[in-house]
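Here is the structure we will look at, set down as structure tokens.
Letters A, B and C mark the chains in the order given here, with residues in each chain numbered from 1 onward.
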Amino acid sequence: MADATATVVTPAKRAKPAPRSRLRKFFEKKSTIAFFMALPLILLIFTLVIYPAFYAIYLTTLNKRMTATAWMKNCTYLPDWICTNIPFGNLQFLLTRETFWMVFWQSCLFAISAVIFKALIGFVVSHFVHNVPTKGQRKWRGMLLVPWVIPAAMSTLAWQWLFDPSYSAFNWILAQFDVERVSWTGVAHWARFSVILVNVWIGAPFFMIMYLAALKSVPDQLYEAAEIDGANWWQRIWYVTLPMMRNIIAITALFSTIVTFANFDIVRILTAGGPLDKTHLFATWSFRLGIEGGDIPLGATVSLFMVPILAVAAAFILRDVTRRGNEA
Amino acid sequence: MTSVTVDKAGPTRARPKYGSMKRDRAWALRWSYFFLAIFAFFFLIPPIYMFITSLKTSAEISAAKNPWWVFNPTLSNYVELLTSPAYIGFFKNSAIVSVSVVIITMLIAIPAAFALSRMRFWGSATLATGVFLTYLIPETLLFLPLFKMFAVFHEYTGIQLLNRWWVLLVVYPTLTVPFCTWIMIGYFASIPKELDEAAIIDGASWLQTLTRVFVPVALPGIIAATIFAFTVSWAQFLYPIAFTTSIDQLVLPVGIITTLIKGDVFNWGQIMTGALLGAAPPLIIYAFLMDYYIAGLTAGATKG
Amino acid sequence: MADVSIRKVVKRYDEVEAVRGIDLEIKDHEFVVLVGPSGCGKSTTLRMIAGLEEITDGEIAIDDIVVNDVPPKDRDIAMVFQNYALYPHMTVAENMSFGLRLKRYPKAEIKARVDEAARILDISELLDRKPKALSGGQRQRVAMGRAIVRNPKVFLFDEPLSNLDAKLRVQMRIEIKRVHQKVRTTTVYVTHDQVEAMTLADRVVVMNHGRIEQVGPPNELYHSPATRFVAGFIGSPAMNFIPVRLEGDGDGLAARLPNGVSLQLPADRAQRYKALRGTDKLLLGLRPEHITEMHRDLAPGVVPITVPVDVTEPMGMETLVYFKIDGAELCGRVDPKAPVQVGAQTQLAADLNNMHIIDEASGRVI
């Protein structure tokens, strides 16, 4: 009896202290390996995304040649300690500039109207594609996604040529119907219409493909059940399709809001901000000021105005994506 | 008794309706085709017009004839561009940059996604969310501080990054890695946990589990991520226009715009040819790997 | 080939204790089945043997070597998963040989082992197929093949049959038993299905709430359950439980049911339970097969009982009759030809020679 207990106890005693430290080592090893596998990603994010983001904030406090702090001028309307302690010179300069408010307004107009039209067209087209027999869908989907696949810079060049002041292919068609020629990129409101049109043309296919994926994920039985319950076509869309797609609709629209709001390529190539800065967006204007005008702090200040709107959109996306993940 | 009357009433009322339903469906289908054709036409005008213009001579372009028709088709624009060292140079730069960025992206994203989805370490959940947020930060927010950072970097180390094509190898991964990591996390998460447990019991190390089980199993996801990284790198416009200026350092989109447009002289035949050729690689990849392309596109909205 | 010792093993996740200190000695060549409801800790125990879960406390030894900190690959074990966990990009042969290839076995030996395992499992003609092209049963065989080629000390099965349909499950059950009889490797098998446990095991381990309720050969568990949980868990339809009070004078003892009816206990049972006379909170346990149709001449210890039958389920070889006595739902198995009428008072025969008396408070069978 004593023998038996001894044999049981001895290995246990021997084993106990050793396993603890070795065990810890083993699990430390696993998380250490994991950390090193993720290290390049972490370094990339920190040095090339997070650091520059904070560096941008620092840049906004400098003057044009980045030699001194940009203090506010004539700031008698603010308490003294703010004027002497907070380097908001660039900010003050912008907020008192008419062009800035124009760019602000143009960016909002551009982003909001483009996203709405993209979403509407995407929604409608996705339903048409969903309606046709499955074996034909591939072909249509393939054709309709082409604008998204062509690099935006290349297709904007094509649009620029279609809008050309002297040889516009659109104006030629209008002329056949005796309609007066349109100065597509030369007049402020037509120029704004043109950049929005091109953005809608590029972005609508993305909405279409996302909504189509969402439509396909709605089980057929739901429609059949709704039909048996007596729902007509419109009611089926309102009570079945839209609620089932709500999350995708929201995520796609928010995501597109970010991308559209921060858009650069289209305006830069099509109008370069003209005529008379009437089509500038935050991104193109900050490029004009920062790279072409050589005033990096001022350009950085302009681009930072995108942050609040982007942050709100990003917060909503994150919420919806997480919720979607939890549903799945 | 009541049930009998209902049964009788049902079919007589419904019979004509069935016929019209069938006809409704046929008409709905016809309308769908009609509108799809209109939208397809709208979506395809610019590429078609690119192609039409690329076949024209400068003389025909400036003649006041129907711009939608080619009267004297010629390949001279293609010949001229494909023999121009500058254009070939842009194409080569674009190709080298895009392929290298794809490789760099995969080398960073795949191990990171594996670590984040399977191994877990302190802060890994936060990092996964951070990766997604990084993907939402647009390049238009970062190009100015990056520009200044590279200038300062040159001052301190003597290594010049600005106006060198390989600066793009440094900055493009910020656009591709977060999204690719995100969708790879999603693909890896869809692999059942038992599969890596089986591999561990079979004696595989973590690295072997990744390379011999996860990478082959998640191959569709890797292809989708590769396509994404390639097309993003190929199409990127802001970083090269901000960071490179010398002709021999330019990539395709910037090259076409800065060299083919000389002052106010637009050689549209060549510009359209150049743009069409520049759009060709993504279009060809899309034509052959459409399903992967679309999988990558729609994967962003689902959590990993 | 080896034996496995589990000594005072505890598994704690943050707040929850999944396994609360279990002891189990598994002998060489033995086929042991861990069975219990979901969440009873059986899978966690298996995964601790495999090394997929850390052991919070206690120790597990394979072949007398404590393996608490040995990584899975060095424990010399093989595991079959519920969803098979076949590598989808590898052929059957590659799936089976993956572990051997990682250990850099010579090619000829790998081929010999794969062929041998394929022959045992009768999947030789499937070796070049991908898992996608296999049926559920074939995938199950490949998963077992992957375990066999390793020639491990211990086989671990984690609910391997629950993804199969009922018919295949029976087939594969027999197949697993056949393979075990051939290779004789020590096996630990986890299932929630008590039929699987009964049919496969040399010894069944019934677990509940992270503890072992009873260990024993299948028939012992069936006929002499140690606790109310085991009595109710093993056997289908489950054992009937009805609150009783033991009464009587002298040597005789009768069980008084809640509806007032008294059943006279056979002499040996009366002898065994006489200390419980007058005790409250007792349960009478009686399996459905011991409540049968009435016969003209009853054996000793079999007593008539009149019950209101409310549902019958004809099974072909027998008919299950359901009835309630004062809220307790009970079941009997009668001959299909017996005249049983739903809604009517029916006389059945209860064989009290096979009764159990359970202390309701402790749940132990007395």
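Going forward, contacts are C-beta pairs under 8 Å (C-beta built on N, C-alpha and C of every residue); 3 or more make two chains touch, one makes a residue touch a chain.
Being a predicted model, the structure only gives us computed values, none of them experimental.
Q: Averaging each chain's C-alpha atoms to get its centre, pick out the one most distant from subunit A.
A: C
Q: Return the chain pair with more inter-chain C-beta contacts, choosing between B-C and A-B.
A: A-B
Q: For subunit B and subunit C, what's the span in angstrom between their mean Cα positions?
A: 55
Q: How many angstrom lie between the CA centroids of subunit A and subunit B, rounded to a whole number?
A: It comes to 14 Å between the two C-alpha centres.
Q: Enumerate the residues of subunit C that touch no fewer than two other chains.
A: 71, in rising order.
Q: In the complex, go through subunit B and note every residue touching subunit C.
A: Residues 192, 194-195, 197-204, 208, 212-213, 216-217, 219.
Q: Show which residues of subunit A lie in contact with subunit B when the two form their complex.
A: For this pair, the touching residues of subunit A are 30-35, 37-38, 40-42, 44-45, 48-49, 51-53, 55-56, 59, 66, 121, 124-125, 128-129, 131-132, 138, 140-155, 157-159, 161-162, 164, 167, 169, 172-173, 201, 204-206, 209-210, 213, 248, 251-252, 255, 258-259, 262-265, 268-269, 282-283, 286-287, 290-291, 296, 299-300, 303-304, 306-307, 310, 313-314, 317-318, 321-322, 324-326, 328.
Q: Residues of subunit B touching subunit A in their complex?
A: By the definition above, subunit B touches subunit A via 28-29, 32-33, 35-36, 39-40, 42-47, 49-50, 53, 61-62, 66-68, 107-109, 111-112, 114-116, 119-122, 124, 127, 129-134, 136-149, 170-171, 173-174, 177-178, 181, 206-207, 231, 234-235, 237-238, 241-242, 253-254, 256-257, 266, 268, 271-272, 275-276, 278-279, 282-283, 286-287, 290, 293-294, 297-298, 300-304.
Q: Which residues of subunit C touch subunit B once you look at their complex with the stated criterion?
A: 50-52, 71-73, 77-79, 81-89, 98-99, 102-103, 146, 150
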